[in-house]
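Next come two complexes built around chain A: one with chain B, the other with chain C.
Our next item is the complex of A and B:
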């Protein structure tokens, strides 16, 4: 076995040192009647060559990757510069554990410190943590944190145009807490949160209002108006961002006075990977930092006074505080945060802005090409995703598109029965104008 | 001192070129950033970025540099082919919302991972959705809660041994339970009497880590499971230490109802400086209806995602779990095969016992009346006589080119040094490690100051963690506003 170095001579010598006669003797504390007598019903081992063929054939069966795709909805295809893979696969980043020993983990610690800095700057917040599992669980953790800040309040307003998975995860996380999630409808004309419903449901019981912007329909929310409603009821404004590239173009949530900004960082140098692993980010005000979940890296010095980094504020965390911890999170998504940091360094100040503008321009191009074949469903502005309503039935169109090897978007009827024949289309820099033309012609 | 990437930035330098694209804008100006607003991102050339991060990577100890005996973390070799396979375009460029008939390879892989995990443990079904061990624990507890609520039973408490990981009580709180600690007995195990003393109708489950964090097999598992079941309580097993059990015994047969796996430990996906992991949860038949959705099911030769079920606890994360980690785990499982996985556990346990015997004279061994499993726990009792504590020993090990063991955990051993070598370390490497440990023990007598001031050879010297927590600097502030 190529990953296990023991020769029979090694085993013999080691057993002799231990003073037992067989490896089996070492398992004597497992009750005898439960020791397995026959071998597991699993396939035999494979050589590396066989293994590669086997797994490659599975990958090959995923024909979707050979299609031109306009799928988004919280998971975005973007070009990944070569050096992101190269640098993140360095053994030092790839195969190190959580940086519990700072003296030999400065690489991870400094990179995460850079990640925290970049994410806090992009969101316009004072502090960001070292990462969460994904955007959906980050939003749920945001709700739990808001509850810690306002323990006596019980309501959280959750608009229906937030990503369905994000809403479902919030439901799961909050089910055992003293919190009621109150759904808020979207405005069927604009695609944004129905502000009069929001105002109606907002009360002094309300501990937080959740907003996704751009929302699941790709539409930008009126954060200024929503922040005012939050302020009037002393509720926290929690903003979720599933497409962080939008932060390069749009006014930051922090600039609108958001209290907690969470979301997905997959777009920054991380592959689609069938929906995971992705990487959540979590940013907030400095005054809330002790209520924050997850790991945080801080700057300090070593005994020689040299700058050094270390995990800090661990007294919030499960390994110290146990049942009183701010979260149960332990392992996070550090490698993907590392990739995001390298990606953001590579695109840099100008590159990220240009890319965001490029994505948005392509969505505008798409709208130009629609020419009466389908109508744009919602009137509010979008970033790189737009909902269209088709004239002919969507299943027919999807079939025609598949004949041309195109995945045209996400059919919204699955999540919103009222949105019949509505397709959520995403354009990124990986979609050419030709792709877009073909898509529109086929509608 | 290594500069931060922001400190190396030069205005207008760039590491990326984009083709010219005609700008079209449909967003009202009031929603846009003002054009001169800085994002605060650095500006460097490609080579500068490579040098920066190659240098940072070199500052990290990692499994490819040497033995990494962190107890309960299972730092085994991460086969490089796993990375190649997860990076195949057919997996990495696969969108989760692609039609199911075009993602059959991915669904099949997920289905197979579930089958392997069931066969290894005797569980009836496994959800692959949880992102990591702690989220797996939360999932398992949610399943238990749903099961009891469905039966009309209102249970409020979780029993947790005093040797458990901190995630166990934290996950219990998140799930709305009160936590009751159960003390381990003098030989480091849960005993039947102690459990029955605290077991009442309010108890929903006991969370047992098996092998436990003292590296010992909880041999009363069967009797404890029976006791729990009599009270309609369930046995949850934290599978963080599953690396010791493959091919040896099946936990479901011993009465475990819910079991979480840490794929990134046992099934060798790299830890990435803290993640990603994957924390699948296995259950017995009676808990199956409550599993999170979606789940992969097989109908004839077609794999599909089941999205509807009356009793499901719902969703834990977006999409279908950390699929890329599942690809790595599956690649590893197929590489090892059934006999390979069995050998993993055998050699992991052999290595730990070998270390135990080589170091038992130099270091205090608090639990020494039976073989250990995959890890062994020492304490600093002998070294304290020379005013050297566990932290000093850990730091001194760095100078010898090894990562320290897990320290000060489990909490029930004062000054614990928890050593888990894993099966991928050779006898020679383990001997080198033991020699270093013995040399340090001698140094504690002959030159304690040197140990106390360690590490001496690392990129930075001992780091002031107190200052970090007192004077919080969590982001970089540019010296001048840009």
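Our next item is the complex of A and C:
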């Protein structure tokens, strides 16, 4: 950010130019009785040195950094290489607003173009946009897009093992639409979607089936079987991914015939930051590109015939088409998408695969150490998260863990009353085998 | 700019050609010129019921996306399929090969509300 101070002479000149005699005159339209006549009740200003001490003492009150965390469930702690912070804090990336003007924003536009390419490749889809606010709103926008493609259909099937917050956001977005969200139960043994219920509820009224894989319980869904059900009823298959690192290891949703793939990109070089801001991704088939929400950066040539980048299909966006725009998403998470791009370029295809394998093998290690201490709740294959059922009451265990400065996982009873004493545990490269041992011994 | 005498026009720059109660609809030479290169077209399926003055489709050019307004009420009986892959036909030949849909008119009285060539020419000139 630029810091541009005004001298009293500057202020005087500006007032003169606009024809008022004092700064107070600028507020003359506010009635006198509503104006504050005394100074604000604030502590005196601090020097930079004092301010730094003050802020550091506040930061020390945040104990989270001293804890070992096994929390996942949509937000994942991963190591962020220094290069991500260094490059993304360059002024051109950090302080720039969204790139409306290609003539001054080639750097940002190219980075976003690369982001789109990377997300297309990871999801196995033909086209990805410049990013969304977060995974939950990306899923909700996916539902709205499916409705644009099938305006005459009214049902969307929403399995209960999709992230509860994602389901809540979909509910909010679709409240005013002619769409009924039909909940589909999960199989209490495998943790995956109950396929016979899904088959029963699927009909020609169905415009889309939503699937999260790995789902909220960390286990993988049978996308092949679900895609067949979609096909039989001409419903779109919308796949949500909360942990995109899994895409490095698994067969892509696109390869299973998904129509829309959405999700969260926080895992790629973005910190947890108390739950936000996050960054969503959105990918689809080329034939649906005009129904896709958000911005897209396209490659073109400039007047000199050189490779150049610019926003494309903007004619359908809100700043041009107003109330008839494809969606109300008129921006993207440019900075966080930039961080994801830098992160992915740093790791590369092989690095990302290795990291995904590392995460998965730690979860396997966790399962080994859990033997005799707690039961693995669901039988389906997992990526880097697993649900366990503890032998003693969970609140007691959580207290013991906290005393050892361990955040053991997410208690599922809050979202699923039937899952008493069930804990969703996530392992990433930031958890060592020692952490895992301590966790398991404390259960 | 050419505005054939045989056609009827709307103030939204669509043209209509009536043949025994079946009306062919397209956009005028003025409309395609204002839009510039047309890159995409959304048309209603055969069997769709249209209402006079309401949107029946969308035309997208490199400059803008515009709605298409139906000059008459009725049912869509035919669609110009080649436009799907080559919407630029509209730029080249808006009145002949660039026709968009055929509508079986439900209320022939509505045709009387449309503009004549002379009236439309005045509108464009103003």
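We adopt the following convention: the second predicted complex is superposed on the first by the 403 of 443 C-alpha atoms of A that agree within 3 Å, B and C clash if a C-alpha of one lies under 4 Å from a C-alpha of the other, contacts with A are read in each partner's own complex, and residues count from 1 in each chain.
In this section, a contact is a pair of C-beta atoms (placed from the backbone, for glycine too) under 8 Å apart; a residue touches a chain by one contact, two chains touch by 3 or more.
This structure is a prediction, so every number in the text was calculated from the model and none was measured.
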Give one word, clash or fit, describing how chain B and chain C relate on chain A after superposing. fit
Is A:324 touching the first partner chain B, the second partner chain C, both, or neither of them? both
After the superposition on A, what does A:316 contact: first (chain B), second (chain C), both or neither? second
For the superposed arrangement, I'd like the angle with vertex at the C-alpha centre of chain A and ends at chain B and chain C, nearest 10 degrees. 60
Comparing chain B and chain C in the superposed model, the one touching more of chain A is B
After superposition on the shared chain, which partner residues are touched by A:110: those of chain B (first), chain C (second), both, or neither? first
If we overlay the two complexes on their shared chain A, which of chain B and chain C does A:273 touch? Say first, second, both or neither. first
Touching A:303 in the superposition: chain B (first), chain C (second), both, neither? first
Closest CA approach of chain B to chain C after superposing, in angstrom, is 5
Which residues form the common part of the chain A surface touched by chain B and by chain C? 315, 320-321, 324
List of chain A residues in touch with chain C within their complex: 290, 315-316, 320-321, 324
Quick one: in the complex, what on chain C touches chain A? 40, 42, 60-65, 67
